[in-house]
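Just passing along the structure, written as structure tokens.
We call the chains A, B, C, D, E and F, going by the order they appear; numbering starts again at 1 in every chain.
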Amino acid sequence: MTKKTLAIINSKAPYSFNHGKDSLDIALIFGSYEQGISLFFQGDGVFQLTPNQDGEQLSLKDYLKTFSAFEFYDIEDIYVCLESLHERSLTSSFHIENVKVLPAREFAHELKQHKHILRF
Amino acid sequence: MTKKTLAIINSKAPYSFNHGKDSLDIALIFGSYEQGISLFFQGDGVFQLTPNQDGEQLSLKDYLKTFSAFEFYDIEDIYVCLESLHERSLTSSFHIENVKVLPAREFAHELKQHKHILRF
Amino acid sequence: MTTLHLVRQSAFNSQELFQCSQIILPADILVLIDDGCYNLNHTLLTNIKNIISVKNIKVIQHHVSARGLNVPEFIEVISMNELVNLTFDTENVITWQ
Amino acid sequence: MTTLHLVRQSAFNSQELFQCSQIILPADILVLIDDGCYNLNHTLLTNIKNIISVKNIKVIQHHVSARGLNVPEFIEVISMNELVNLTFDTENVITWQ
Amino acid sequence: MNKLAVIITSPPSSNLSVTAIEYIEAALALQIEIVGIFFYQDGVLHANTFVEVPTDEYQAQAKWLALKNEFNLSLHLCVTAASKRGLQVDETNSVEPQSSNVADAFEISGLGELVELTNYADRVIQF
Amino acid sequence: MNKLAVIITSPPSSNLSVTAIEYIEAALALQIEIVGIFFYQDGVLHANTFVEVPTDEYQAQAKWLALKNEFNLSLHLCVTAASKRGLQVDETNSVEPQSSNVADAFEISGLGELVELTNYADRVIQF
């Protein structure tokens, strides 16, 4: 089995921190270079995926809208930690398609299949 | 009863964050202007007061040593949250003298006696 | 003596709301702003409701709606103007960030 | 497949160690560095000891002694050189900061 | 009249500083007297003219300049915090004006200014 | 030979970057090949010549320059992160050298460089 180059764990909520945008920039570059990249969402990172958000109310250019371009960039492996959703009383409802919700142990097994792992 | 001008809550451990040093700089200025200032330590802020530390092992100029100058600057009211110590399995042993350990409720009552409250 | 507590961080991520809950007193006011809005679903908010009156827990309107969060009926939604007024209706303010 | 987990933050302050504990697997190695040293006294470390062997929990020597902390006997104290070697003895590394 | 001082510790790139500016605008609209804004910690980056924000993103520095112009706000930059973060704050003013990267609207101050502000203000709020 | 890439995201004022430098020094002493250091987020402040650290405190920038000189390390500065934090990174080099505040030892790079580093390195470590 060929390992994918990079996994990024997203751990921060979208607006007060820049980590989500910094992670997205890396993901899109890897996608445009046709490098295998997978995105993992854990902890408050899951708030980057919840529906009905509107960063423009915070005078922001809403980078979450760019998530809909993942397919175009061949970024297809997007994993969410089930426990992180439960802790926050969230359901598996997201603003993009094809998100895989996994229990922590399976989430960890997918993560390990990558040559390098970053966390933002 | 005259209110003191400023209380600072210190909430971060000493080395990875600069908050402790930034707070100390404010405290010393208030002291040198003979303005009433009190220091409160809560959460990981209590690690700024624990004994046997040596920042020089981390290649740092150890700002914690300056705490011994508090008396010289007439900074006399130093409060520690008892619950924060207990959570961290710490005893009331500190690297400076005259530290008052208070249960959270009394800690809060002292805090409120100040005109302004900052937190670092 | 009433203190205004502004909580700007998610209690799912760090300890600001917890530390606030340790020292909040019955007459105080709590306003959830920025990522503090995520605390609407946190169990610590239940602890705080046992200390201060629920009418003294508030959240900034556009901060909560931008995050797509639902506000429980009993929590008052306020504007930035109302936050400014609260700053002067209370004696001092602590920003938990 | 062994992952090296570097925990740099205090679990008394934020959620890095908790999130690490959610996904650490039995063959993995945990090294406490920087403020991660404060976790020697955190109950989450007990949870992690139920997942990975205690000999695979380590702490950086001068990081822990600079903070005036005591190291329980069963935790191995290592140098920066040993951390570099661990990086190449494992398959990948996650920095929890 | 109610007197307010504000301490800004969040960098321009965070949405936390948008909140601070919205709060200040609301206070001004409510006739609160703002005795000064003190920039500390990462907040000092607000004064850095070299900071480039993409044109379609929130322009915090332009907001500060506009507020300064309209309401004559005092914007105090903590010199110690600023020099640690790449602002050229030669207090002797011997540097050529064009080589400094501190926006004109900001005054170089020390923590002594914070003592003044806390004495004069009825409320101090930290953002 | 083992190949290592390092991503630095902590600012020079934090003790977290001392740890990063100590780790790199240990790796070099152990004959690890360091294929490059990539400065991202607040890590870009390491390249800022305007950053002034009191002489009795840890001089992170001088450390990077010394490591560059001795081991010919590649120090890559992410241009997007840098311009957001007050580094003058005109890639056309049209600015006068003395008006730029990027230390010579650092190369202006983009995230494409990070793709190269992750491909070439056996391990990537983030500090």
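Things to note:
Here is the rule we use: a residue touches a chain if its C-beta (ideal position, glycine included) is under 8 Å from a C-beta of that chain, and two chains touch if they have at least 3 such contacts.
Predicted model only: the values in this text are computed from it and were never measured.
Ranked by separation of Cα centres from chain E, the top chain is D.
Here the spacing of chain A and chain E, counted between their Cα centres, is 34 Å.
For this pair, chain B with chain C, the centres built from the Cα atoms lie 25 Å apart.
Distance between chain centres (mean CA atoms), chain B to chain D: 28 Å. Multi-chain contact residues of chain E (touching two or more other chains): 13, 15-16, 22, 123-124, 126. Across the assembly, chain D contributes 8, 12-13, 15, 34, 63, 92-93, 95, 97 as residues in contact with two or more other chains. Within chain B, contacts with two or more other chains are made by residues 15-16, 18, 43, 58, 115-116, 119.
Under the touch rule stated earlier, the contacting chain pairs are A-C, A-D, A-E, A-F, B-C, B-D, B-E, B-F, C-D, C-E, D-F, E-F.
Residues 13-16, 18, 22, 54, 56-58 of chain F are the ones touching chain B in the complex.
Chain contact summary for the complex, chain A toward chain C: residues 12-13, 15-16, 43-44, 47, 50-58, 87-89. Residues 12-15 of chain D are the ones that touch chain C when the two sit in their complex.
Contacts from chain E toward chain F in the complex involve residues 11, 13, 45, 48, 50-53, 83-88, 99, 101.
The touching residues of chain B, when paired with chain C in their complex, are 9, 11, 42-43, 81, 83-84, 104-105, 107-109, 111-117, 119.
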